[in-house]
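In this document, chain identifiers A, B, C and D correspond to the written order of the chains, with residue numbering beginning at 1 in each.
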Amino acid sequence: MTTHRFSPTAFYNTLGSHPPALRIADGDTVIAETVDARGFDRHGNKPGERPNPMTGPFFIEGAEPDDTLVVNIGAIRMTRPTGWTFQVLSPNVVDPGAVSRFPEREKTEWIIDIAANRARLQSPPPSLKDWSVAVEPMIGCFGVAPDMGQAISTATSGRYGGNMDYRGFCTGVDVMFPVSVPGALFYLGDVHAQQCDGEIVGTGIETAAEVTFSVKVVKGKAIGWPRGRNATEIFTVGNARPLDQALQHATTEMLDWLIADYGLDEVAASHIMGQAVRYDIANVFNPAYSVACRIALDALKGVTRYAS
Amino acid sequence: MTTHRFSPTAFYNTLGSHPPALRIADGDTVIAETVDARGFDRHGNKPGERPNPMTGPFFIEGAEPDDTLVVNIGAIRMTRPTGWTFQVLSPNVVDPGAVSRFPEREKTEWIIDIAANRARLQSPPPSLKDWSVAVEPMIGCFGVAPDMGQAISTATSGRYGGNMDYRGFCTGVDVMFPVSVPGALFYLGDVHAQQCDGEIVGTGIETAAEVTFSVKVVKGKAIGWPRGRNATEIFTVGNARPLDQALQHATTEMLDWLIADYGLDEVAASHIMGQAVRYDIANVFNPAYSVACRIALDALKGVTRYAS
Amino acid sequence: MTTHRFSPTAFYNTLGSHPPALRIADGDTVIAETVDARGFDRHGNKPGERPNPMTGPFFIEGAEPDDTLVVNIGAIRMTRPTGWTFQVLSPNVVDPGAVSRFPEREKTEWIIDIAANRARLQSPPPSLKDWSVAVEPMIGCFGVAPDMGQAISTATSGRYGGNMDYRGFCTGVDVMFPVSVPGALFYLGDVHAQQCDGEIVGTGIETAAEVTFSVKVVKGKAIGWPRGRNATEIFTVGNARPLDQALQHATTEMLDWLIADYGLDEVAASHIMGQAVRYDIANVFNPAYSVACRIALDALKGVTRYAS
Amino acid sequence: MTTHRFSPTAFYNTLGSHPPALRIADGDTVIAETVDARGFDRHGNKPGERPNPMTGPFFIEGAEPDDTLVVNIGAIRMTRPTGWTFQVLSPNVVDPGAVSRFPEREKTEWIIDIAANRARLQSPPPSLKDWSVAVEPMIGCFGVAPDMGQAISTATSGRYGGNMDYRGFCTGVDVMFPVSVPGALFYLGDVHAQQCDGEIVGTGIETAAEVTFSVKVVKGKAIGWPRGRNATEIFTVGNARPLDQALQHATTEMLDWLIADYGLDEVAASHIMGQAVRYDIANVFNPAYSVACRIALDALKGVTRYAS
């Protein structure tokens, strides 16, 4: 149960079978630095390149293909008093006929007031001079090496995780990834100080951070898509285009979860899901969109667990 | 400010320019009975036909094309101790390869315990014998006559409202519809005792009800899609397939709202939306899917209203 | 087997249960005038209104719900030496990031040289001064009254036909529509002198015309979507968004056709379709997109017709 | 201008920066053996693994990032008298409610009569005992190494080519790929003896082959997506889901082509495309669907080439 401090010296723009940056044991904790989506670190230096340069990979001893890697997200500490966003909605989230109403996309700077836990525009338009948002940090891009020897751009996502840009990936969540290679090869980066549903300006408030996480390997348990659990709910994430297909993936993964772990069949699981499911549109910007399918633990009360 | 009691004797399966069932004044309140999605009333009689037989239309005096009709949803009272759902997930919400895992779709009966405000399956599988859900009533299908003399099936939805099946259409919400014909011609029905996001079994818990609503006409204000406001947030609803397009409609409508009513331009509105928007997938079952774009009133704090 | 000449005095912008403009017998032929998509006739007068004002409805004696109406498209004669298009690609058919490269959409006039059977821009840019296109007339919008008493805008389409904008609806084709009301109530209009796949500028070359068609009722045969047959192939048309769903409708309808009329089961029909199907993207502009699924008659050679 | 004969000893299941199997010069020709989609060769041995094991990569001397690689497809010779398909339509190409009508997917064997150039089922159902199809070979999967050091599964496709499964990739076509790495690293395999539009059973008639191709490097010309040219037309291919987005990519690439090479601006190019574009749905089965946007050379007659 060692705690490691890790400051990356190399960054990757693909999730793939790159040489391990650190080998850690099942149960270990890591406090890792991450740079922002364009590679700027806490000091404003630029050791990484866009898109979404990754810290890692971490080789988790004992993780083998068809296991599940559980990553507990601990503290996400802001390490830089600045962040950036784009200043207009992405052209794909408005009606095609409205696209021409927007000026060209530009980076905009934000001030992150770490003490107050608020972020505000550095040069706001007059209408927003008194406006700010809460800092609620989340991990934009993280995951494990994909199967088949693939190395896939950190701009997109898949069964292995990747650039899901889901605000639900925040402190206190256990995230599960399907392991495809020995050691799992876990990567993380692209922290956002805040982000709406859908990441509809194409960014959160992009910044550098220090993320604490710990890992656990569940042997012999294969899952299909990333899953999560927090204090009040369980959720699955599907990544694809259009949103309809991302939703199909997330819904099917939740169905499989309820059947496998709660002793239900397709009909009983449908009854619960049909009254209790909540969906989040995580991002509707990246090459693969992401949809989360959630169920409150409360909604599972009264279920007789045959399996247990 | 009259309060009317209305028990329908005829039902419509299209939203269109049908003869008014009741003429009411701007500001009036109506307590109206509705039957379930297949036409069964509080007594189990079947005065209506599927799909979603509508109570109405109500002719609101003074409402003209390009006005906005505001409908405040008051109490939604359950009038029948039973409801029904389908028992399996709809084939379009799971991976195509998983469709064959489900038995054929069948109606399933639920007991609605009005005193306890809970609903449970009448003949649950053993795994669900102790499982129940809260009753949180909502209106599945409501809206006004569409433009161009159209009469459109209550199975689907559009700018005029219709079968949006959004759990956010519940007690306490002000819903805004764009008026296309004199008198607006407002219809309602298809109440659900409970429903998940997405209406993924193809139904909520379908039942008969008594709905209290009041109307207000905003003269000379034209909106593009249904809007809503409750105690904590404002929202817009877009109806289309795929989800991506429903989201584009809802997002563009929210953009237009912020610009028109909050004195913002495209950039300032984008800044707010980019950190504050929440999306709900209302239904992913009907011919047109529905997506809600929400913004908390809290997230608008600090905005300088030029316009006001 | 009467031949009627029909010059409309009223036009409709919905396909619905409007009063018959002319009653005709099974087997009759009609030579009918149509106006262009904005209501301009052969003389440049404007007796109709946008969108797509319809000539009709024609009440076909003997047609009843669940019959099939077969419309043979005969000559489509250009009656006006001018037409019009939009001058830029529709924003929904290019990458969202490319939308802002185009100027605002404007009507552009074309000269239709009826003798030469060619069309050219009235005021071409220098690069196109020697460029012209063949005149290959087609019917943009036609169909029958939909079910459930609906009246649906001629901007869109459905099982009943409508604004499918398919260049395959041209002289020599037998088109089949599912009948939903007594008399079928057939409408037509919106002739194009030429149109690409997809109708990607949002119009064909829109013009007035005189269309000859004859009708035949197939009693007791219910179909799901419009079908067609020409000298070399059979085809089905599905109308929906996104293209994926329009394709699903057309493919399922072709499957049902092969099974019902060629004595095949799902497997045998799949074998043929899997090597022989051709798809046309009819339009990718209207509220419902249209996809045609085609099979050459040659590809059906050697099929043993159990049913016959 | 050397002609190489190449028999692969290793196969790849990703397009990526693997070590060159053969270095060839700009202008060279290669006669290369390919195995089928599951790795079976001409003798029925299985030296490769699914999915779509690739022959290559071929390092083309002089090719650098932002050049274009032109691959001329010469003879595609069938080397095995057998092939295979799946026997039912893929669940994603029919209405979701029709999926359960099909039996489970199974491989089905075909006889390829090389002399007669026809293919027929080895054990046909009675209805198809006299039915056969023409052999019209095409390359299912080919392309170059993607950018950013990615290695991407041969199940899918992107800007770099890949598993596009387009029947237009046949003898006589010049195919253009955007080069992302030194030497381009060209791969090919997955030949089909026949395939419909859409690859709607999930396969063509999968078989081994011997493909003759020659390469040419166009220096300093960067393209966005695969392009092709044959005796009668030019075309572009977009790869994405849903079909709508694949179509947007292909359409935008064609627009860029016309502007760059034919001296047109957005309006003039739109005029041509708006009357002349044809679309092919190449595949609607793989993780990324593929759509081709075609223009007949005849449709470009009369265009004044400012640029030339």
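Just so we're on the same page, contacts are C-beta pairs under 8 Å (C-beta built on N, C-alpha and C of every residue); 3 or more make two chains touch, one makes a residue touch a chain.
Since the model is a prediction, treat every value here as computed from it, not as a measurement.
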Counting one step per pair of touching chains, how far is chain D from chain B at the shortest?
1
When B-C and C-D are ranked by contacting C-beta pairs, first place goes to C-D
Any idea how many Å lie between the Cα centroids of chain A and chain C?
47
If you average the CA atoms of chain C and of chain D, how many Å lie between those two points?
32
In whole angstrom, what separates the CA-based centres of chain B and chain C?
34
Counting only residues that touch at least two other chains, what does the list for chain A look like?
92, 96, 102, 241-242, 244
Going by the contact rule set out above, which residues of chain A touch chain D in the complex?
13-14, 16, 148-153, 240-242, 244-245
Per the touch rule above, chain C residues touching chain D in the complex are 85-89, 92-96, 98, 101-103, 108, 121, 124-133, 194-198, 200-201, 203-205, 241-244, 247-249, 251-252, 255, 262-268, 270-281, 284, 289, 291, 299, 301-306
Okay, in this complex, where on chain C does chain A touch?
90-92, 96-97, 99-100, 102, 104, 242
